[in-house]
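Heads up: the structure comes next, in structure tokens.
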Amino acid sequence: MLRRFGLSAALACAVAALGGAGPALAQETTVRMWTFLNPTGTSPREVALAKIIDNFEAANPDIDIVVEPQAWDQMTPKFLAAHTSGTAPDVIWVVTDFLGDAINSGSLASLNDLFVKDWSEDQVADRAGPYWDLTNVDGTQHALFTSRNYIAIMYRKDLFAEAGIDPATITTWDKLVEVAKKLTVKDSAGQVSRYGFVQGFSENQADPPLMIPYLVGKGAELFSEDGKANFASPEGVDGLTLQTDLITRHGVMPESAVSWTVDDVYEQFASDRAAMILGASVRVSTLQSQLGKDKVGLMLWPGSGQQEHSPAVMAGWAVGVWSKSQVAEQAGEFVEYMLGPDGDKAWVEIGGQSPGLGSTLDHLGDFANQPGNEYLRVVSTGSAKHGWLAPIEYSIGGYRQILNKAAQNVVVNGADPKQALEEAGAEFNRSHNR
Amino acid sequence: MEDLTPMTATKTARPTTVPFVPIADRRRMLPSVWGLMIAAAFAVLAILNLLPLVWGILTSFKGAQDLFRFPPTLFDFTPTLENYQRVIDSGFLGNMKMSLFYSATTVMATLALALPAAYAFDRFNFPLRGPLFLLVVASIPLSLGAAALLIPNYLYFTRLGLTNAWFTLPLIYTAHQLPMAIWIMKGTIEGIPRELDEAAVADGASHFEVLRYVILPLSKPAFGAAGVLTFVGSWNEFVAGSVMVDSPALRPIQPAIYNFIGFFGREWGPLTASATLAILPILIAFALLGRLIVSGLTKGSVKG
Amino acid sequence: MYSRHAGLTYIVPAFALLGLVLFSPVFYGFWFSLFRIQYGAPTDFIGLGNFLRLLDDPALGGTLTRSTVFTFFAVALTVAIALALAVWIHKLGERRGFAVQMIVIVPWIISTVVATLLFRWVFVNDIGLALSLARWAGFGDIRLLNDPTSAMALLIGVSVWKRIGYAVIILLAGLKSIPEDLEEAARIDGATGWQVFRRITLPLLKTPLLLVTIVLTLSNLNTVETPLVLTGGGPGNATRILPMEIFDRAFVAYDLGSATALALVMFIGNILLVLAYVRLAKWKT
């Protein structure tokens, strides 16, 4: 960092000595960005990122954006270490699990100072929603979300049509079970060839399990005020019982699901082995490319009796500017562009992401109405009204893994759900020193 | 026995006359049951080893629609090169070039440092020789378990200004591979008769000249062995490769492969395509050096 | 033989590098572990606080036991099978021997994560080749990862599968170096094949066996990828071993203090283990 800076400073001096030999020799500022996307790659999101960078650099010839791709699961911890050692990049993508750590460590610059202060009220209102609020601590905006993940029910439209079931009829948890049973198919030998509803319970790559929407929908909290686990609430126990009953009582989910990772579940779905899965909005486009655009849909969780739809867990990646960046101004310009109207459009149209600005869907007009793209509206409605974000005031890393382990213990070791959750809570508290 | 290789046959000059035939026969009787069992076990092993490889290579030629057909089929799909195209478009050949550079530099540096050290440990008597050699052996866990200290290591290397440079990974890899290379080479040098050194010294050679003109030519096989193990080790290293360098131009091959097991899912097509490309250099190295490994370690590790 | 310090000059470059890259980071890590670590940065000095916290974890004992069982069986099986294979390959001709050797090393030359993922897909996953065949042949669902014992057995099996190639190569090389006339002489004296192997071959393989045992022990004891990818530690805690525990503390719970402390304790254990091996084998440096 320092060396680069020194180099560009030296270059600047040289330019100055030449007496300003024209704009072609103007000092080029390098802005480093860490993300897990490789802009030379060819996946839709990578292409979108490359396009955004190209457009930005064309409009700002004095700024050079250098992407340094990282392994996604180590990137945020590494960023925090690099913040300590003074070698962090100027722009950083932070995963929700570590967002609290990143903000509380002071590693993220205030975006208000960089560009939000110049925004009109409309511009701010365009971003309103839980993701905006999450990254806004005491009035300071620390980051903006780029990738929004809404984790709800992914389903096979064709199989629903075949069975004559309208997804809109899944209004309660009981109806979810009922539909799942109808969609579970056995072959002539009596073996299940397709399951009604599947989620994975491995601790590796754990998505937030069904019991979270269940218990939050019933008005319970997953964590208590002081950041301790509150897993074993009556609603939590019911939720865990429901999700393990899907295997042991209703037979709509295979027993092997206890060892399945998120990717295993998507592969089962792609193999016609599941009609509904606990699925993330960010995966819809991939599954559509494997199965066909018209076959994959996303729906909200069923209602809880108290709420029309139980809240889905939301996660994703927020982008911020490093607080010690020497080129924070330029980094801010890039972040503003990447997540602004132009950038957002590219993320949606090219990258298949769900929009971050309320106005983007309107600007895109027909795009969201094209067959297969209906899920974009599901995500917008869902994230605005029926979402749950893990708290960031305290660190909660590992909660999904520990909840999944509790489910494994119930299914494999026959543990009592309440006791399994109590043990899980104790382990969570211990691992966070609470 | 009929397969006895020319190499071993000439080396050992076995007695070849009639009286030994029954012995050879008796030898074949006993191992034949044993050999059959091992052959059966090997058949199982071959399936276990080759099936995933074949499946992986086939997958690399499958399009998105053919990836997860159920039940799975081995050959009934439309082969495509799109995965390889994607892998290459993403700059994979550049990563491969970098990794070749890292691995080659590591091999050379490891050998250059290991040979004198092994020579000293075997031929010299200096203070703390025994404990120092034990330290070399005891540092094997440090290299194999280095990932456990990833973040402190990252801070340490950053503070020294050693991260994100062309020499970062060769430096780390060389240190990781060095203990084992010293061990292998020391074994080889043990096998070189000391009379040769002494004769050279009598002719007025310095101990460096002994190393250069006596030991070095005779340890070539160990170079092959330690070299291939070092090559595979640094070629397949992931953790340091993904954490210690940031610049895309310095990125080695393994993080590039793992990029296809991304946040948005594992993409089996490009993943298997890149993994297939990644084993080619290793296979070539083995095909070229396979015999060298055997003869190299031969002298390397037998005599304690 | 030569001057007392001449040898030192030859080992200085190697030790300088080992010191810089392997030894000093351990001391740095130890210093780091004496602090309270917040957001990846050392804050207050707390002495051995991070180490003492390890003692409070009631699950750690079980994890240690599982690591020991896993490593013991993985190493013992790898060495035994690799030795049998090496002996067999040694007796094959050069061409066939080389072909067999290439087949044996396949899992070893593929990076661990990709190899484990492929193994899991082909042999364990119910939409993979093997279980589809089994279902077609009339076997019901086979769920190796659902039972604590079979999951551990599978983890051991995959670790053996992954590392056997390395062991075979080193042992084979050792075998190739044993002068055939030694074995031949013993046979002429009437020794059976087993006796020759037991009395002549095995003792001469001592150094390669020691090298293989040490490297296998340490690589099994420190593997994160294999259990993480294969089982994720489950079901329950059945396949959760120490390196996973360190990984989770560092990258999931983000508790770098206790992760570093645990890693250092493990390093010390590893080094003692190596020294114990060397001592037990009565191996002379």
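Should a chain be cited, it is by its letter among A, B and C, assigned in written order, with residues numbered from 1 in that chain.
We adopt the following convention: a contact is a pair of C-beta atoms (placed from the backbone, for glycine too) under 8 Å apart; a residue touches a chain by one contact, two chains touch by 3 or more.
Everything numeric here is computed off the predicted structure, so don't read it as measured data.
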Which chain has its C-alpha centre farthest away from the C-alpha centre of chain A? B
Most centrally placed chain - per-chain CA mean versus overall CA mean: C
Averaging over Cα atoms per chain, report the distance between chain A and chain C in Å. 36
Taking the mean of the CA coordinates per chain, how far is chain A from chain B in Å? 39
Whole-Å separation of chain centres (CA-atom averages), chain B against chain C: 15
Two-or-more-chain contact residues of chain A, please, as numbers and ranges. 73-74, 77, 81, 84, 267, 271, 273
Could you check chain B for residues that touch two or more other chains and list them? 68, 70, 150-151, 155, 258, 266
Multi-chain contact sites of chain C, meaning residues that touch two or more partners: 40, 127, 250
Please name which positions on chain C make contact with chain B in the complex. 1-2, 4-11, 13-15, 17-18, 20-26, 28-29, 32-33, 40, 81, 84-85, 87-88, 91-94, 96-98, 100-115, 117-119, 121-123, 127-130, 132, 136, 161, 164, 169-170, 172-174, 176-181, 184, 187-188, 192-194, 204-208, 211, 214-215, 218-219, 221-222, 224, 243, 246-247, 250, 256, 259-260, 262-264, 266-267, 270-271, 273-275, 278, 283-285
Under the stated contact criterion, what part of chain B meets chain C in this complex? 3-8, 11-12, 14-15, 23, 27, 30-31, 34-35, 38-39, 41-42, 45-46, 48-53, 55-56, 68, 70-72, 74, 113-114, 116-117, 119-121, 123-127, 129-130, 132-134, 136-153, 155-157, 171-172, 174-176, 178-180, 182-184, 187, 191, 207, 211, 225, 232, 236, 238, 254, 257-258, 261, 266, 271-272, 275, 278-279, 282-283, 286-287, 290-291, 293-304
Listed in rising order, the residues of chain A that touch chain B in the complex are 32, 34, 36, 38, 40-43, 45-46, 66-74, 77-78, 81-82, 84-85, 87, 89, 262-263, 266-267, 270-273, 282-283, 286, 289-290, 317
Using the touch definition from the top, list the residues of chain A that touch chain C in their complex. 73-74, 77, 80-81, 83-84, 98, 101-102, 104-105, 107, 191, 201-205, 254-256, 258-259, 261, 264, 267-268, 271, 273, 395, 397-398, 401, 405, 408-409, 411-413, 427, 430-433
Touch list for chain B against partner chain A, complex: 64-65, 67-70, 86, 89-91, 150-151, 154-155, 158-159, 163-164, 242-243, 246-248, 251, 255-256, 258-259, 262-267
